Each structure stands twice: as structure tokens, then as C-alpha cells.
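Chain lettering (A, B, C and D) follows the sequence in which the chains are written, and residue indices restart at 1 in each chain.
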Amino acid sequence: MQELINRAKELLADGTVARVLGWKAGDLPYNPEPAYFETAEAMEDFVYNGFCGANLSKYMIEASRLEGKTLVCLKPCDTYSFNQLIKEHRVDREKAYIVGVGCKGKLDIEKVKKQGIKGIESIGGAEIADEAETLTIQTIYGEKTCAYADVMLERCHVCKGKDHMVYDEIIGESKETKDAERFDEVARIEAMSPQEKFAFFQKELSKCIRCNACRNACPACSCRKCVFDSNKFDSSQKANVDTFEEKMFHIIRAFHVAGRCTDCGECSRVCPQGIPLHLFNRKFIKDIDELYGEYQAGEDTDSKAPLTNYTFEDAEPSIVGKRG
Amino acid sequence: MSSEKKQAELIKEISGVNPLKCMKCGKCSASCPSYNEMDIKPHQFVSYVINEDIESLVNSKSLWKCLSCFACVERCPRDVKPGKLIDAARQVVVRQKDQDYLSPNEIPELLDPELPQQLLVSAFRRYRR
Amino acid sequence: MSLENKEFKPKIVAFCCNWCSYAGADLAGSSRLSYPADVKIIRVPCSCRVNPMFILRAFEKGADGVIMCGCHPGDCHYSTGNYYARRRMTLLFSMLDYIGVENGRTRVEWVSAAEGVKFSETMNSFVEKIYSLGENVRLGDLRCKN
Amino acid sequence: MQRIGVFVCHCGSNIAATVDVKKVAEMALMEPGVVHSEDYQYMCSEAGQAKIAAAIHEKGLTGVVVCSCSPRMHETTFRKAAERAGLNPYMVEIANIREHCSWIHKDIEEGTKKAVILMRAAVAKVNLNAPLQAGESRVTKRALVIGGGIAGIQTALDIADAGYEVDIVEKTPSIGGRMSQLDKTFPTLDCSACILTPKMVEASAHEKIKIYTYSEVEKVSGFVGDFMVDIRKKARSVDMDKCTGCGVCQEKCPSKKAPSEFNRGLNTRSAIYTPFAQAIPNVPVIDREACIKFKTGKCGLCSKVCQAGAIDYDQQDEIITEKYGAIVVATGFDTINLDKYDEYAYSQSKDVITSLELERVMNAAGPTHGHLERLSDGKAPKEIVFIQCVGSRCSDDRGKPYCSKICCMYTAKHAMLIRDKYPDVNVTVFYIDVRTPGKNFDEFYRRAVEQYGVNYIKGQVGKVIPQPDGKLLVQGSDLLDNRQILKEADMVVLATAIEPNPDVRKIATMLTASIDTNNFLTEAHAKLRPVESPTAGIFLSGVCQGPKDIPETVAQAGAAAVKAIGLLAKDKLLTNPCTAQSDILLCNGCSTCENVCPYGAITYEDKEVNDHGIRETRRVAVVNNALCQGCGACTVACPSGAMDLQGFSNRQIIAEVDAICR
């Protein structure tokens, strides 16, 4: 972390960048939040540890409009989102100085809490410089430990790899943390009976409180104004508006990001209700891979997206019924 | 439904043929190797079915003169397949119970080594289902 | 057609492209080829104009089945529209299947302007399918709050 | 709020018999925005249109819904009527209660219920309609004719005579097409070449006509009035400007084994060749597959003997890009492949030939120099059997479901000509029906029977069996005599079904012209617009639209020309105002829409926007309304809903959905 801070100060000092986009400590030991730093002094608040899951790519849409370059810290998986945003002309590559930061998997505080660890005062071992495989947690009930890998975010178990897709320099080491198959969960649901599938999603989706956290965090959901906030699809009767929004929100959101979603997992990470929203996006990705050939959004900045492309021999929609 | 109509429907069902598709080109009769033996000619089969006169068809010589060579089925440009119609008529007869017919067990001892193979094959086509 | 469930009158929305399928439906009409009145057609310029939101909207408003018809692949009046539509609908239908909605409720058929017979046959078989599936309960509310 | 008038048409009894029109009109008054409704016998009549106009004036209508036949039928009629009454034509919508309702339902209660729902959907849509203004686009005053047969030539001549430039693109080395292969024509028996070649010459000499032979259309973009076409001029290997057409190269060419396309492969030609003596242009091409120079690098004899120095082995294909206002398709036909009709022994015996091959045999320039002889041994036939409907009227996948239309007449012609020239030859025709609708056609057929003694037998042939002695045993049936016939023949002629030129599918795709299951191009209306494709600016000439004989082809060619001239005579075209439009405040500038636009109508510009007080420069999508054809692909690709289609907006379609599901 110190290397990162020193380098950032250097670049601020020589005027290469006007500001730094990173994380600062939050009000709890496990909730650092995205922040801009414009001076060396401000950099004192900078943190980077296992709880810095937030994908900062999306902030670059805004930062691209600011005066001067912005140093942005991107983890390997964040760089996919950044590439996708370049492809969609949403960020200006010239306005970004990308520091590819090392990542050995990011942590999920909910999983820590699920282990019965409560009243957390501080957490050791969540800083990237340590090679520690365990977290040491000071709580009001005394010291507790848990294995790092056991409390990683779901997305880190299906890590896309430790390589940054786009960067100006790399600081820190990364580690591939993949120990599960990305589509296993989707396949498990696919194998269910329609009743079971419906019951599963009914249970999950009925938790939704429409707080829009998923939408706000998603780097693909970057519309200036979401269709759910504009009147472009409403009928003239205002009374209809809310219900349609409410009922179809997640499926429409997933469809809008289909072929553009990099599977960064932010939607599930930020959901306060713990809905596994990534399962929608990942279903689309699985279908796209199977029907139209492997495609990873954000791997490059110029390939044609699956939904703006076609072949003469594409599968017919009836394949859905035939696959069984 | 009259019994005649029932019979005609049965023929259509067994054969899977829609006799109304026939355009009366006569290619079936032109293809038939047993044409001269038949009293009702292949191209006429359809009209017997359309006119619901299955009785005549069942009692015709043609019923047993058809070799089931299926040349007419093969060549019919309209997918009408007179061979299937007459075969269906035979089925109607065969399906009538308690009739005195040859049982498959009796066949081996009746076999004559001089019998031409073709005859056997066509006999199996005719009687096996 | 099975009409055992006399109470149930399904609502079926058919999106038809102006150039092929809508004309095919016209031909079915002028050829007096009947299909159930449960089907109501909405004219769109091309199958690629059909937004998944329209389909979801229809279900949310109580439709029991939605069918989309367009020109045969390769024959699109706008060259490529139906190729995009094909991908969009495949993915949408797969998603609906994934969340447990009976996939018989959605269908895509390619019907040309000359295929009045196919149009009527398609609608007959689709309506029959919807009758067999019964009322749509699952898609009414994806959030599924009762 | 709109002030909408709903007009319900009885269409005589077409609608009124299964829809309670009064009830529909009554129910309409309960819909939001509807201030007037009425029903009338024939809304499309002058009196009906007057009622609409009167209501617009008296009730101050801002929108109109007509419940009537398909919008494909009378949408324009009603929109024009509204326009005359001072209403924006795009404020009119049609509820299709005839084709989509009264004609398919029998129960009046059911029909009425559905009609009411269709009316509601249309009212819901009109509530959200906005006045639209048609734009203008220019017309390139030049036509393209694809195909240089009699259809293409006639169309080109007629357009050129009206004073417009025309280009003909012909795939083969010469114009002339199928008609140039024919010997005589029915029902007057005049020589085909004698009536065709003057037209070919006229076309080639016409100052307004440019002919690209040995060329193919490669790419078409643009739209009515402004098509951009790439034409591939295949390398001829002969300089067209230098060649004098002396023909010495063809005489001297040592490679003479290539099958002659013009003579249907019945004899051979040289590697450097003109398809036939009267070819236009009279400039040979080198068939590079057959040419020794191209195959081995040695030879070059043609180059040596060419006094004009016209031979150019290094010539390359050339792409010509040209703009056209109208395109006429005249791609013609071919006979079907007979591989699946083995019972007629076509592949087994040289003496079983198609009718088109017989044309070449009968022709003085053909492989037998016009002598009727068997191709196997050159002997004069004594007994000839004609078999009709080979591959026509078939419901299986071996043939075509349609009647090829021309066979009955050309067979009568062949039979008559043979009996006339060789009275000792017996001619038998096996037929299913003899179809002779046409002026002097049945008389012609009767002459073949009565005057020339051609033996017509009603019944098909089941099999043709080649005999060891070279004869052909024909097994057919005589349905009228109820007997089977076995006939020994020396020659069998098959009236082979015709099918559209196989290239037409590719061309139709390029032109986005629709095509039916038999590969015939679809006309815009089967009765009222038979020479126009549903795609604006594309016209149909000749057999590419459906089987027809020469006079019909020439008539249709003229009709297609008139339609093309009608288009070219305009300086400007009104464009469809139902185009996409981007809301710059919602646009993300993400380029997704640009990627799906088939017309390249969307570009991105940096624009100054004022987003509720925030002024900034944004990259936003801009639609070129002249290029946009209104398919709507972009509207669905756009995630934010910034892109919308005028006339079929998201809100309009959703309103229709809601009305139907209400």
C-alpha cells in the first residue's frame, strides 16, 4: 500500500495527474469507500486492503469530464469494466492514469459475520502486503480468526485471472483465487424443474426493496438516465408506472447489460438484501458463450458485442424449449 | 357416421393419404406392373375412397393383384400413394376377425424352393405389419 | 382444439413485422383461414423493433402468451433486423425459462407475406399451447410478492 | 388531450356480417380522448371519406381511428383524406377489423369483442401520436436492369425511350437470354432470333443504354431514388474497345472441348468464344477454366492471330460503382435439375432430352444444324414421345408445386413443327391437362391435333426404359381408354419445369426484395401491383416474378418500365417520416445503436446540450433521416431508451399492449 501511496504522491507532485481515485477508510473497519485525493496531505487517508472491493471504473465516467488526468486504482477484474466503458465511449482513456493494483481476492464482511463473528473493532490480515492466509479480528468479545479464502467474495472464487487488461503501470502482486467454476450455480438452477426455479427466484427477488444499489454500483448501468427513471416506456396512465418498474426491474436490467456485463459482481456485493443478482447476468453470459461463442466483455475495446452481432446460422429461439 | 363413411375414414387413417390431393395424372397406372391384371386401376383407387365405396375396393381383384412394389408411391407427384390406399384396404380385410386366413406358422411347410424370391418379398410386404 | 376449460379465455399478443408477417396475417384473413380471436396483432415495422420490455409489459398486464413473427432469416425487409431480433428473443426466452416461466408462453415464428396458411396454423397451435398451459400466473410479477 | 374520431366501416357485409359495427362505434365513445364516432357502409368511398373530413372540421378532431380493412390496403387513402381536411396524415391509425377479425371469425359476439379491443388499441396509440412531416430525398435519374434477356431488354428500351439512362447488367457474355436459345415461337411460329436480334441491336445502339455483359451485381446499398450499386465486370481477357469481332481467335483456338452453355451442353465450343453468332456485344471472352494459356502458361495462339491486339491475358475483374434511382429485376429462369426423375431415364439415354434442348436441336445454329436426329446415333427418329408436367405440379420435394405455364404451348409447337417438317414421324404427347388460356392458344393446340395429327393421350408416363437396341420403351397410361400403353420411341422429350434463376435469391437478399417459397420474387400486391416489389424502387420484369410466356413477359417488361419511369420522372421523393430519433438528453453516446443500423444512418457528434441547467458538450447519436428507413433495430439496442421510432414509439406500442391486455 505504501508503494502505491508514494507513487501517487509523486505523480500528483509532478503534475502528471490532477487527482487520485482510490479508497479512504470508512466509519467501520471493513467499509472503505471510494474517494478522490487531490493533494499529498489528503493521501494520508488513502487505504487499500481486502475490503476495497468497489470497482472504481464507473467513477471514471465522471472523472473523464474533470480538468486534467485522474490516477485510478483498478484491480485486475475492474480493468474489464474500464475497457468496456472505453468501447462504449463512456470514459476517456487519455484522461486516466491507470495504476493496476494487485489483488489476492476481496473480502465479504457478510461471510465473516455469518461465521458468528460480531462486534468487530479491527481486522488484521486484510492488507494486501501481508501473505497471511488468515484474518485476525479483534471484537468486543475478544480475538477471532478465520481463513481468508473462506470469507472471500463469491466473485473471487471464480476469478477471471490476475492480469490487468489495461493499465499504465502495475503496483503490487496479484494472485488468481479461482477455486470454483463460474457457471456451476447457473447450471444447478437450469437443472431444476420450472416450479423449483420459480420458487428459488421468488424467494430471492421478493427480498428486493428497489434501493437501486445494484444499478448505482454496476459499471454497465451507466446510462445518464435509466429507463426506469424516464417516461420513455410508460403508457400515458401514470398509475401503471410503478408496478411495471417494480415487477420487471431485475430482468430488464439484466437484459440491458447482456453482452456488456463483465461479470464484475458488484451488483451482488452491494445488494443490502443479499440477493445473488449476478446469477441473472451470468445466465446471459453462459447462454451467449454457448450459443454465439465465448465472449468476455471488456477483454478488448473493439470486438462486436454479441447483441449487436449475428450470424446467418444463429440458433432459433425455439432452442430454449429443446435444450430441456 | 354411416358405415361407408367410417370405412373410408379408416382407409384414410391407415394409409395416411389425403385422396383429395390427387390431380388425376395417371402416373400410378402408368407405373403399375400389375395393371393388366387389375379390374380397378390404381388411378381409380382414390375415387373409390372419395366416393366412400370401400366395399367395391375390398371385393376387387386389384386388392390381391397389387404387388406392393410401391412404384406408384415412389412416383406419385402429389403424394397420394395409391399403393398405400390399396394396402390399407387389405388391412381392413385382414383386421376382420375370425376369418380363415393363413397363419404365419403354416408358411414354412408350404414353401416351395422353386418360388421366386421376389414373390416372397412382396408377399411379406403385403401381409406383414 | 381443447376447450375443456371454458372459463379461461387467454390474452395473446402477437407482434408482427409490417412487411412479411403482418401481410401473412392479412393473407390468412383474405383466405378466410380462421384462428382463435384470442390473438391480437400489433403491427411493428420489423421484428427488431420488438423490445423485450414490450413482451414483459404484456405479461405483466395479464397476457398469457406472446408470439413474435417476422420475415424469414435472410429475407428481412431491412436486411438484418430479424437476425438481431433472433438473438434478443433467444436470450430473453432463455432467461424466462431460467426463472421458471413455462417457455411455451413465448414463441418466435418466421412467416412470410405468402404464408397465410402458416400464419393461421401457427396461431392455432400457439393458442392451443396456451390453453394447455392455462392462465399465466408466474410472469405477472417477477418480484413475486404476493 | 387528443380529440379523436373513430370511424367504423361495414365494408358492405365483409365486416358487418361478423362484427357489430354499431356496437364498436358505441364502445369507442367510452375510450379516453374519443369525442366522435360513427359507422358507415364503405368508409373508403368518397362519401365515407367526406364523413371523416366533416367530422375533422366540425368536431375539431386531432386524431382519427378508422376501423376497417388492413392498413396495407387503405392507410394511405385515409391519411390523404385527413390531410385534405387539414389534419396531419400521421394522426390517422387503422384498426384492422377485416383481415384480422371479421374474415377469420364466424361468431358475431366473438368478432365484435375482438374488434372493440383492436379499436381500443388504435385509440390508445393515436392518443400518443404526434404530427409527422415527411422529408424529401432526391432521385438519381438512372435505372438499373438486372438481366439481359427479352424482359430486361424490353424494360431497358422502354425506359431509355422515355429519355432516361439505363444500365443493363448481364451475367453471361451476351444479352439475349433464353429467348435467343429458342428456335420458333408460339402461336405464330415466327423465328425467335428474327424478332429478338433487332431488339438486341436496338438496345446496344441506344445512346441512353449502357450494357455490362459478363458482369454481376455485387453489392446494393441505399434506397428508393438513391441506390448505390457495385457491379463486378468479370475479366473478359479481351479488350472490348480493340476487338473487331472478326472471330479468327475462335477458329484458331486449339481448346475446343468446353461444353457449350448456349447449346445446353449438347456440343462443345472453343475456350475463347462468343455464345452465339448474333451475340451482343460481338466480343468473345476467354473461359479461363478451359483455356490452355491459363491452365499451362503455354499457347497464346489467340493473341498471335488477333490483328487488333485485343487479347489481354492480364485483365482483372473491375468493380464499377454507380448510382441508380430505380432497379428492375429481370433475372429470368432455368429448367430444373432432373436428377430426381430417374424414371424418365434422362441421365441414362442421350435420346431423352428436355424441351429446351429440343429447341437447340431444331435450330439451324444448333448441334445438329437443325436436323431432327437422335443425339446418340444421329439417326432420324420415327417415333417421338413428349411427356408433359415433368417436375411441374408436384407436391413432393422432387419438383415444383406450380404449373410452369409455357409447356403445353411449346409442346404443341414442337409437335406441330416436327409433323410439318417430317410427316413420317409419329408424335405422341402424354399430358395431364392441356392448358391453353391465351389468344389463339387453344386454336393452335387444336391445329396440332386436327391438322397435324399429333396423338394426345391423357395420362402420365410412369417409366422410360432404354432398350438394348437403342429404342426407348415408354410405359404410360391412357386414362380415358383405361388402358396401359407400352410404346417404343426413338426420342423422348421432357417438358421440364422451369424455376427462377438460382442467382435470384442472392440478388433478392441484396435488394431486400421479398421472395416466395419457390424463389419467385413477390409482388407488392398480387392483383393491383403485380410489377412492383414491396421494396420501394424495385420492379419486377419477366419470369423472376412467375412463369410466363414471351408476350406476357414483354407486356410486364413494359409495365415495369412505366413504373420505373414514373419514379425517375420525379425530382424529389417524400420520405417515410417514421424514422428513428435520438433524445440527446438521454443518449449515452455508447455507439450501440450505430452498430446495428443497416443503413449507416446513425453518426455521432459532439453537441452542446443543456441538461436541466447543466451545459456541456456530449457525444450523442444523430440520425440522418434521409438514410433511416425506420426498422427500429437501434431503438431496442439502446439501453437508455434515448432512441425512439416516430410513429411506432415505445410509449405507443406499450399503450397498444396495455389496451389489448386490459
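One rule holds for everything that comes next: a contact is a pair of C-beta atoms (placed from the backbone, for glycine too) under 8 Å apart; a residue touches a chain by one contact, two chains touch by 3 or more.
For clarity, every value in this text was computed on a predicted model and none was experimentally measured.
Peer 1: More contacting C-beta pairs: C-D or B-D?
Peer 2: C-D
Peer 1: Between chain B and chain C, what is the gap in Å from one C-alpha centre to the other?
Peer 2: Taking the average C-alpha coordinate of chain B and of chain C, the gap between them is 44 Å.
Peer 1: Nearest whole angstrom, what separates the Cα centre of chain C from the Cα centre of chain D?
Peer 2: Those two chain centres are 30 Å apart.
Peer 1: Would you mind pulling out the distance in Å between where the CA atoms of chain A average out and where those of chain B do?
Peer 2: Once rounded, the distance between the two centres reads 72 Å.
Peer 1: Return the residues of chain A touching two or more other chains; collapse runs of consecutive numbers into ranges.
Peer 2: 227, 233, 307-309 - these are the residues of chain A that touch more than one other chain.
Peer 1: Of all residues in chain C, which are in touch with two or more distinct other chains?
Peer 2: Within chain C, residues 51-53, 57, 74, 80, 84, 88 contact more than one other chain.
Peer 1: Draw the chains as points, connect those that touch, then say whether the picture is a line, ring, star, complete or other.
Peer 2: Looks like something else, not a line, ring, star or complete graph.
Peer 1: Return all touching chain pairs.
Peer 2: Result for touching pairs of chains: A-C, A-D, B-D, C-D.
Peer 1: Write out the stretch or stretches of chain D touching chain A in their complex.
Peer 2: 124, 127-128, 583, 585-592, 595-596, 604, 611, 616, 619, 637, 639-642, 644, 650-651, 654-655, 658
Peer 1: Report the residues of chain C in contact with chain D in the complex, numbered from low to high.
Peer 2: For chain C paired with chain D, touching residues are 11, 13, 18-20, 22-23, 25-26, 28-30, 32-35, 37, 40-46, 48-54, 57-58, 61-63, 71, 74-81, 84, 88, 112-115, 120.
Peer 1: Mind listing the chain D positions that touch chain B in their complex?
Peer 2: Per the touch definition, chain D meets chain B at residues 343, 389, 393-396, 398-399, 430, 432, 458-463, 475-479, 482, 484-485.
Peer 1: What residues on chain C touch chain A, complex-wise?
Peer 2: By the definition above, chain C touches chain A via 51-53, 56-57, 60, 73-74, 80, 83-84, 86-104, 106-108, 138, 140-145.
Peer 1: Which positions of chain D touch chain C when the two form their complex?
Peer 2: On the chain D side, the touching residues are 70-73, 96, 98-101, 103-107, 110-111, 113-114, 117-118, 121, 508-509, 512, 514-517, 522, 534-535, 578, 596, 598, 629-633, 635-637, 645, 648, 650, 653-654, 656-658, 660-662.
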